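A short write-up of the structure that comes next.
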């Protein structure tokens, strides 16, 4: 269980996340939605402390996450893997090494500096790649892959961390619809088969509705909606998105709905499933 | 004939675009003239001041030129074709005018040049290693703490600012005459120069992979090793090779203050004999430096070529 | 698909993965080569440091400490003859300026003989290039020593040394700039019916002039650096003061002089950067 107690983040002159209090039980798949600049990324990056919270507390299984330092902090980051919008892989290394880098936390200084990975790690990384259908490119240089392939490699890297939570910051925002579907399906599978908590920033409503157990809506740093996809009515969604509602409803480019008929001119909410 | 029509009111001469343009143009030319004349005057003044302070006058130059000619005449080898390839006589001497006579100390020079190259190679290896670490500390985007970055940058600037031979002078005093002082001097300067360049490369590298490694729980060293190093490695290699070329030149000179290599011999033959030994050593140095330049240039191009193919 | 944990990976999984993706487990030859080259570098470094008597460092701590402590504690500052110091620095800058200027002028001539597109005769081009290699291949300090022998101690030797080494460097860089010229712009000027003079004035000069000026400014910067050490061999400038006072054991004064030189060099770099930006724009160099 991941508990947030009045967690806040203030940058120099903007409050990106205003005191947020909520709880995420284990094994839930949560989608965070909201317009650009609402503070979704900031909230997510605070969970694994890529952004330092400026106030409040986070507890995981009762343990205070906000106070972690040094090796404990890195251990926590290892426990909650992150998938980025821009994949954040090391383009000049091959796919396998990128995936194996998910196990760096378990290495000592010398083996990690020398880049020595064990056979077990190699087999494990190949299995993880295989699970995402990417084992065949294991030895290719990573920056030669397509965006969708890179994101699957990034998920494989996250998997070899053996995390308890998986964070995903707009994992499909740079992908075409087909790849977006593949990636979201993979995240959902991880959530359902491995029982991982998945927290995912999304910017298309239909994706959030289709894949998530629970949707959190943010507006200017405040959580304005927290409920099931069913509870997220058309009206509620309009409130979250404000003036950008039309875009969010119909952004067929990166949505996972794969409907040839979807057009910007049809702002009605599509209920999937 | 073609004509260009404008939509100018015929009466308003001050609004006529042509005359407007002309006056604007004249103004610009005047402005530029002022700037150019000022610069010219400044330049001439600086030139005269320079000539005065360094006592560099045409008559001194004119007096110096014949002496330079005379000197270069005296250090040229006097080779004679008929004995050019003659070997040692019964007394074990080369006849004057032969190559052997000119390069009597050939093997000594070769030994010293070999030492010079080794000094440069050792210094380049150590300097590159130190520069890689310092570059990560100095680059604004990767420095572990603000004050570490500032300190590292100042340190690199100091190392880069002081020439090798000055470090060598001081180090010869501290560790004694010999190549060790030279190697350390070159290491310090090369670390500064390479570190500065490398930190600029690091500052231009993408931080996304670093975030990625951070997110898997990697520490600072792992973030650098996996996030940045693969991005900057091709640049580093080519800088290191280029630095090796420079270090060879430097290690040929640090001997002037007693810090090993061919420099001591060169300084000795120039200061004590003005004969063909000067050219003998100089030619060997030029050959070495040129050969190493060519080799390293080849290697660098091969590396860059490989990169661009990828 | 079943959940996958690292702990449950066993020998069978490893060998299955190895069977399917043998290369993923590394080529032993490549690995041996990699390790071998690192070992080679390490052994070379150890050996060469041994030959260079690294052990001397251990015995050096006394003298080094003495040196450093006398460098940081500045004594009798009233007797330091500041006028001499600053005249020396001024002379250094003057030497660098004159040397670079003369080097630039002469490099202009050489460059056209060394560039492929302005000197079609291969023999002459190669001869000029080899000659330039000699000018460049010998360090300015060595030229300094040579000229000190020829014309005596003093800044004249220094100016000559900078002149000749800058000439070699600049001529090479200039000739590369001439070779990299954009033919299309020249064709464009020629197409307007311009004569040779105008083709050079409007076709060539606008392309190469900014590059030349920028290169010369860079060269001036690096010449100020080399001018500071020319004095070590007696070729004038601040280096003469540095070595005199160093030999006399006045380490505090040496430290002071070097600090001053660093500041002056930083100022010159900054100023020349300004000029480059102001008159040439970022593109030239």
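A, B and C are the chain letters, set down in written order, and residue numbers restart from 1 in every chain.
The rule is short, and it goes like this: a residue touches a chain if its C-beta (ideal position, glycine included) is under 8 Å from a C-beta of that chain, and two chains touch if they have at least 3 such contacts.
All values derive from a computational prediction rather than experimental measurement.
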item: Pairwise touch network: line, ring, star, complete, or other; value: complete
item: Chain whose mean Cα position lies farthest from chain C; value: A
item: Pair sharing more residue contacts (C-beta pairs) when B-C is set against A-C; value: B-C
item: Between chain C and chain A, distance of the C-alpha-averaged centres to the nearest whole Å; value: 49
item: For chain B paired with chain C, centre-to-centre distance based on mean C-alpha positions, whole Å; value: 2
item: Where chain A touches two or more other chains at once, by residue number; value: 103
item: Parts of chain A lying in touch with chain B, wherever the complex brings them together; value: 48, 50, 74-78, 81-82, 84, 86-93, 101-105, 107, 109, 112-113, 115, 141, 154, 157-158, 161
item: List of chain B residues in touch with chain A within their complex; value: 208-209, 211-219, 221-222, 225-227, 230-231, 233, 310
item: Complex contacts: residues of chain C adjacent to chain A; value: 1-6, 9, 13-14, 16-18, 20-21, 23-25
item: Residues on chain A engaged by chain C in the complex (per definition of touch); value: 96, 103, 119-124, 126-128, 131, 135, 138-139, 159-160, 162, 189, 193-195
item: Chain C - residues contacting chain B, complex; value: 41, 44-45, 48-49, 51-54, 56-57, 60, 63-64, 67, 87, 90-91, 93-95, 97-98, 101, 133-134, 137-139, 141-142, 145-147, 149-151, 154-156, 158-160, 225-226, 228-229, 232-233, 236, 242-243, 246, 258, 262, 265-266
